[in-house]
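The same chain A turns up in both complexes below, where it pairs with chain B and then with chain C.
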Partner chain A sequence: MDSAQYAELFLTESREHVSAINHALLDLERGDGARGTDAIGAIFRSVHTIKGMSATMGYAPVAALAHELETLLDMMRRGTRTADATVMELLFTSADLLEHAIEGAVQGVPVSPEVGVMTARLKAEGKAGGDQRSSVAIQMPVDTGEWSAPAPDGAGLLVRVRLVEGTPLKGVRAFLVVQAARKLGEVAAVSPPLDELQADKFNHDFALRLHSDRSQGEVTTALRNAGDVAEVRIGEDADVATPAHTMEFSVAELAQGVAPVPAKAATVVPQQRSVRIDLRRLDTLMNLIGELVITRGRLNSLAATSEDPALVETVAQASRLVADLQDEIMTSRMVPVWQVFDRFPRLVRDAARSLDKQVEFTVEGKDVELDRSMLEEVGDPIVHLLRNAVDHGLETPQERTSKGKPATGRLLLSATRDRSAVAIRVEDDGRGIDRERVLRRARESGLVDVGKLELSDEELVRLIARAGFSTAERVTDLSGRGVGVDAVYSRVRALGGSVDIRSVKDEGTTVTLRLPLTLAIVRSLLARIGGETYALAMTHVRETVEFRPALLRTVQGREVLMLRDEVLPIVRLRTLVEFDGAPPRGLEQAIIVELSERRAALVVDALIGQQEIVVKQFDAVRDARTLFGGATILGDGAPALIIDVSSIL
Partner chain B sequence: MSHTVLICDDAIFMRTMVGDILQQAGFEIVGEAETGVQAVEKYKQLRPDLVTMDIVMPDMGGIDAVREITKFDPGARVLMCSAMGQQALVVEAIQAGAKDFVVKPFQPSRVLEAVQRVLG
Partner chain C sequence: MPEARAAARTLLFRVAERVFGCDIDAVREIIPYRRATRLPGAPTYVQGLINLRGTIVTMLDLGARLDAERAPVRDGSIILATHGTRVVGIAVDEVMDVQMINEEAIAAGEGEAARGLVRGLGHLDDGVVVLVDIHALVSQVLL
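Showing the complex of A and B:
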């Protein structure tokens, strides 16, 4: 395994630990008693692991910060420091800086000076708290390279041992040497005494008196085998002991020892047979299967013109196998939403604190799975919704109390799976969207008739989803201005999903994002305008009908399609794509598209058929009015644009 | 025949690193454990020639695991993996039956020396 792979392992695992630290910090802030103790233990373990890994990787700033943080946590475990507001803030900030230092170390960029400042601050905290681990000044003999330990009094063979310079945990090594001596006979005395040896309070040499019937050679060999022994000297030597020179110094490594970590209650860890796969491999597999799906399309159209039944049969079989393979690969890309949701409790807590609001945040459906890239894409919109809810939705405790609501607001983030979609819901019990204000703004901007007095939920969504439409009175650094629901809306739409908002004054707001399970491969209907092919996701297609003149009506001066008892607005794709070629000969086709409650008849020259297409996202689909949601390559190698149905409704 | 090893550490990173060092030196990694409880279970099941044991682990720490393992097999050969600042814990582990220790950050040569001492 090369160092890059180690770095990747380090990063993955450290991130998990930082996330665990944040969760435990939130627990610690909320909890008390036993729960608090558990939380400190958990944070300690994670910080300790990060320290060990980063030291191994040679990431000194990370290791140093982790070490000092560990010191503070150790004092908390021993009860010499309490989790007061100052300490909590210190811990939260340290967790952020630790994360920053980890990311920086792996990317090889210099860490922010804040990391060093915090490390020094924690160190000072450790001193202030009377920490015994890293800051006790001890009278230490200076290593003169000579035999400095006084010979212990009493009978027995005098054995002097000098450890190798720089022996790690030399106190423990000395202990091992003494243990080895005990196997040879009786150790009558040790100098310096054993407890001082164990605490590293000695130079590199020590002495003991041994009663043993072994030869000097055997003793020497046995003690040397205890490891890190530079020299063993046997026999009286009155001239060796020199007066010890002393100086005062302090060393972080001079730990007096750390209290044992309380083990968590035993839980059964389910054993999974699994291997870790590089995410890039999964992406490559997905791209390959995408290409394969395209090739299958081409193969199918070739086979359709063939009269060889064996070929047709084989192509059909290959098709099924490709479909199975596609399913398997899609499944392997599914990850539980907690991988992204995990950082939200911390985010909500910080947002609530900065705004002096009290929020009880709940997350449900953490185990619901979504395609990895979809999940990554949807993270930002969710952050946006959560911040909006805390900033604009939930009221201050005073405001809530005066309305007769509990002072603490509720905020729920949930994920549920239904058929081929995942619904992510952000629900608050705050003041609700101010319809009056939205309506006023809409009237002012000429978006609705001046006489309009009420807004349905549907209309509300459409209005606030418009780019730049915002009713925020204040600009806060949480929500900013002009990037409101519209940003979320266009993002989610670009992912092939939909947004739904329900809001009741003073009861709260619920925003639901419905997302397809994957964004890569979509079953689509292909249609033609002139020589160009366009694709529409089948999820939005209800049916197709021939566009016969008999179905046409005119309502309030507008052309509509009368289908059974339904009146559908007509949208001509020709006009939308500004195609000015000759009109089609023969009958046009109408595709009945729908999204939530909205429907329309999309008129096209001709239908080509259904096909699985591989969606290639455009880099930036920021403008909510963009007609296209992406592009694809068809079976015959020709490109086709994908129509975003929500843009025409 | 190569010696068999059970690696106990809650960090995959550390298990991988120790595993690589030992594998390159010709050892056979027969199992990995991420908690003390697992370490004891796997020891009983696999009876490896050598165990590398982290001190800080969830679900029973490394020291208690050493105690359990030595109770089951007094001849068990356990090498403690410790960090700076864990003197007292390492001493405790040795009293519990561990044979030697290495200190993080690991240097392959030091790890292998310690392993030789434990096995020798």
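Showing the complex of A and C:
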């Protein structure tokens, strides 16, 4: 493990703590007595951990800020300071600066002078309240090389660990060993206590009590694998028999799956086992499986012409395995949405405060999972929608009261999942989109007929999704001019999703983003125009029908397709892609495409079939049609364009 | 007096009967010609998209760019040029040689189509080579 990996670890852990601090701050702000005390405790613990870790890593500005923050929190904990508005503001700002300082320290960029200013300010606050804590100067105990840590009291297997002498960042290392132990079972006690370990306040050894159903060999191996461990000793001090250097023993034991269960550990709840994997590895795996899926398509078409039953059977089997592998890899990339949603309560709170609005923010469906890359992409659009809702949707308390609504506005963010998509909904009970104003703006910009008097929901969506279309009369620092739903709309469309807006005057607005579960691999319908192949995502295909002349009608001078009782506008792919070859001799096919409530019949020469395709982006070419949502590589190695259904409806 | 610049390693290639050159530093690799997937709506000098080991690359036709009447390149080589993080294919009839060439700023009069694309002329033993500015070419085509 090199220092870059330590930094990575530090960053991950610190972010979690900052997130916890922000949550607890929100609790503290709205909390009553007991909840408030809990919150202060939680903040204190997180700040303390960050302080310890950053001191270990040598990130002085972070450690200094955390230290002063800790002083203030300690005073609050002891009741000498109360969580009044000034203190709350100080805490919120400090949390932001702490996050900033952490990110900066890891990236090696200089921190903003605000961090120093805040540190000094907190220090002054601490002096004012009288810092009664002892000095926090980290004292290095003398290293004796002996087993010096006292055995912690209580039940559980006594495990002693000694780190390699001279290990840098031994606090981090010890923490990693304890983490490794937690993966094996329950760690009942650590001696010296974990926070002292993390602050490097220990010799090279420490001890812990472990409740686990693993064998001693397994425990030894797992702990040694945390790295820089010189020795692991298991068992009470009196009967320490095997200085467990014996890797061979434990590996063999693992291979046989033999795990003698200690009697007293029988009731221990099994812990979830997991490992940290570098995200780039997962991305590489995803790319490889993408290539493999393409190759499978090719292999299948080759096998289809083969008369060798053994070959056909083997290919079919390989095909199934590839499908299973794909499923597994996809699943391993799924992460719960809370990883992104967790920062929103704080964001909404800040937005509401700066606008003097009262907002009750609820988050639902935090555990719904989405592909990691998709989740990263969708964060910004959601931020946009939330800010919009607070800024333009929800009214001021006075305005709400005068309308007979509760003074506090409701804002809901929810995630739900169905078969092939995740729906993310942002719902407010504010004033709703002002259709009059949208219509007026649209008329002024010549986007609709001057005589038009009403807007349907769909027309509304289309209008406000246009680039640069904004009705905001005043510009706040939250939502800038001309960037609004259009930004969200284009981003979500680029991800292969769709946006739906429902708005009722004075009742509120609901924006729903529907997103595919993953960006990379999409089930598609391949169709042909002349010798050219095009792909369409199956999520937008309702059905396909033969394009028989009997189904054709003319309505108001335009050709339409009559399907059962439905009248569908006809879109000819041949015209759309400006193909100038001769039309096909046989019967054409119509693909009925749909997106929310819009439908059309897309006419193609022939259908090739369904296939999983890997979506690849290509550089945008000047003047090219914006019909395409990417390209894919077909079995024969040639690229094929993917038609973005939302661009033709 | 034409302004003389330092000699640069230049890749020489032929499109129809004319010899062109471009800075070798902008060239990533050269592959045999392959047909591209047409990109509807793109200018005629964009042949379309090709698959370069799993990456989709836009391919241009330099001849068609300089003279819209010229028949498209359908055989020969594709020069893969880098521009920033992007890679673009340029279809040419033949890749000829790499030479050190002294570059001279060009006098006006290469024609409307060449504006901004030609950065100078180079002298060979048996003629003149038109030096193409790959970066200008790419940034004119890609958004």
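Operating definition for what follows: the second predicted complex is superposed on the first by the 497 of 649 C-alpha atoms of A that agree within 3 Å, B and C clash if a C-alpha of one lies under 4 Å from a C-alpha of the other, contacts with A are read in each partner's own complex, and residues count from 1 in each chain.
Here is the rule we go by: a contact is a pair of C-beta atoms (placed from the backbone, for glycine too) under 8 Å apart; a residue touches a chain by one contact, two chains touch by 3 or more.
Owing to the predicted nature of the structure, the values given are computational and were not obtained by experimental measurement.
**Student:** If we overlay the two complexes on their shared chain A, which of chain B and chain C does A:576 touch? Say first, second, both or neither.
**Tutor:** After superposition on chain A, A:576 lies in contact with chain C alone.
**Student:** Using the touch criterion from the header, give the chain among chain B and chain C with more contacted residues in chain A.
**Tutor:** Result: the larger residue contact count on chain A belongs to B.
**Student:** Could you say whether A:550 touches chain B, chain C, both of them, or neither, answering first, second, both or neither?
**Tutor:** In the superposition, A:550 touches no partner, neither chain B nor chain C.
**Student:** Identify the partner contact of A:200: answer first if only chain B is touched, second if only chain C is, both if each is, neither if none is.
**Tutor:** In the superposition, A:200 contacts chain B only.
**Student:** Could you say whether A:453 touches chain B, chain C, both of them, or neither, answering first, second, both or neither?
**Tutor:** neither
**Student:** Of the partners chain B and chain C, which touch A:637 in the superposed model: first, second, both, neither?
**Tutor:** It touches chain C, and chain B stays clear.
**Student:** Where does A:291 make contact in the superposed view: on chain B (first), on chain C (second), on both, or on neither?
**Tutor:** A:291 contacts chain C only, not chain B.
**Student:** Who does A:616 touch here: chain B (first), chain C (second), both, or neither?
**Tutor:** After superposing on A, A:616 lies in contact with chain C but is clear of chain B.
**Student:** Of all the chain A residues, which ones make contact with chain B and with chain C?
**Tutor:** After superposing on chain A, no chain A residue contacts both chain B and chain C.
**Student:** Touching chain A in the complex: which residues of chain B?
**Tutor:** So the residues of chain B touching chain A come out as 10-14, 16-17, 20, 34-38, 56-61, 63-64, 82-92, 94, 100-106, 110, 113-114, 117, 120.
**Student:** Which of the residues in chain A end up touching chain C in this complex?
**Tutor:** 287, 291, 532, 576-579, 616-625, 627, 631, 633, 637-641
**Student:** If we count contacts the way the header does, which residues on chain A are in touch with chain B in the complex?
**Tutor:** 1, 6, 9-10, 13, 42, 44-45, 48-49, 51-53, 55-58, 67, 70, 133-134, 168-169, 171-172, 175-176, 179, 198-200, 225-227, 252-253, 255-258, 260-261, 263-264, 266-267, 269, 276
**Student:** In their complex, what parts of chain C are in touch with chain A?
**Tutor:** Counting only chain C, the residues touching chain A are 35-43, 46, 48-51, 54-58, 86, 88, 140-143.
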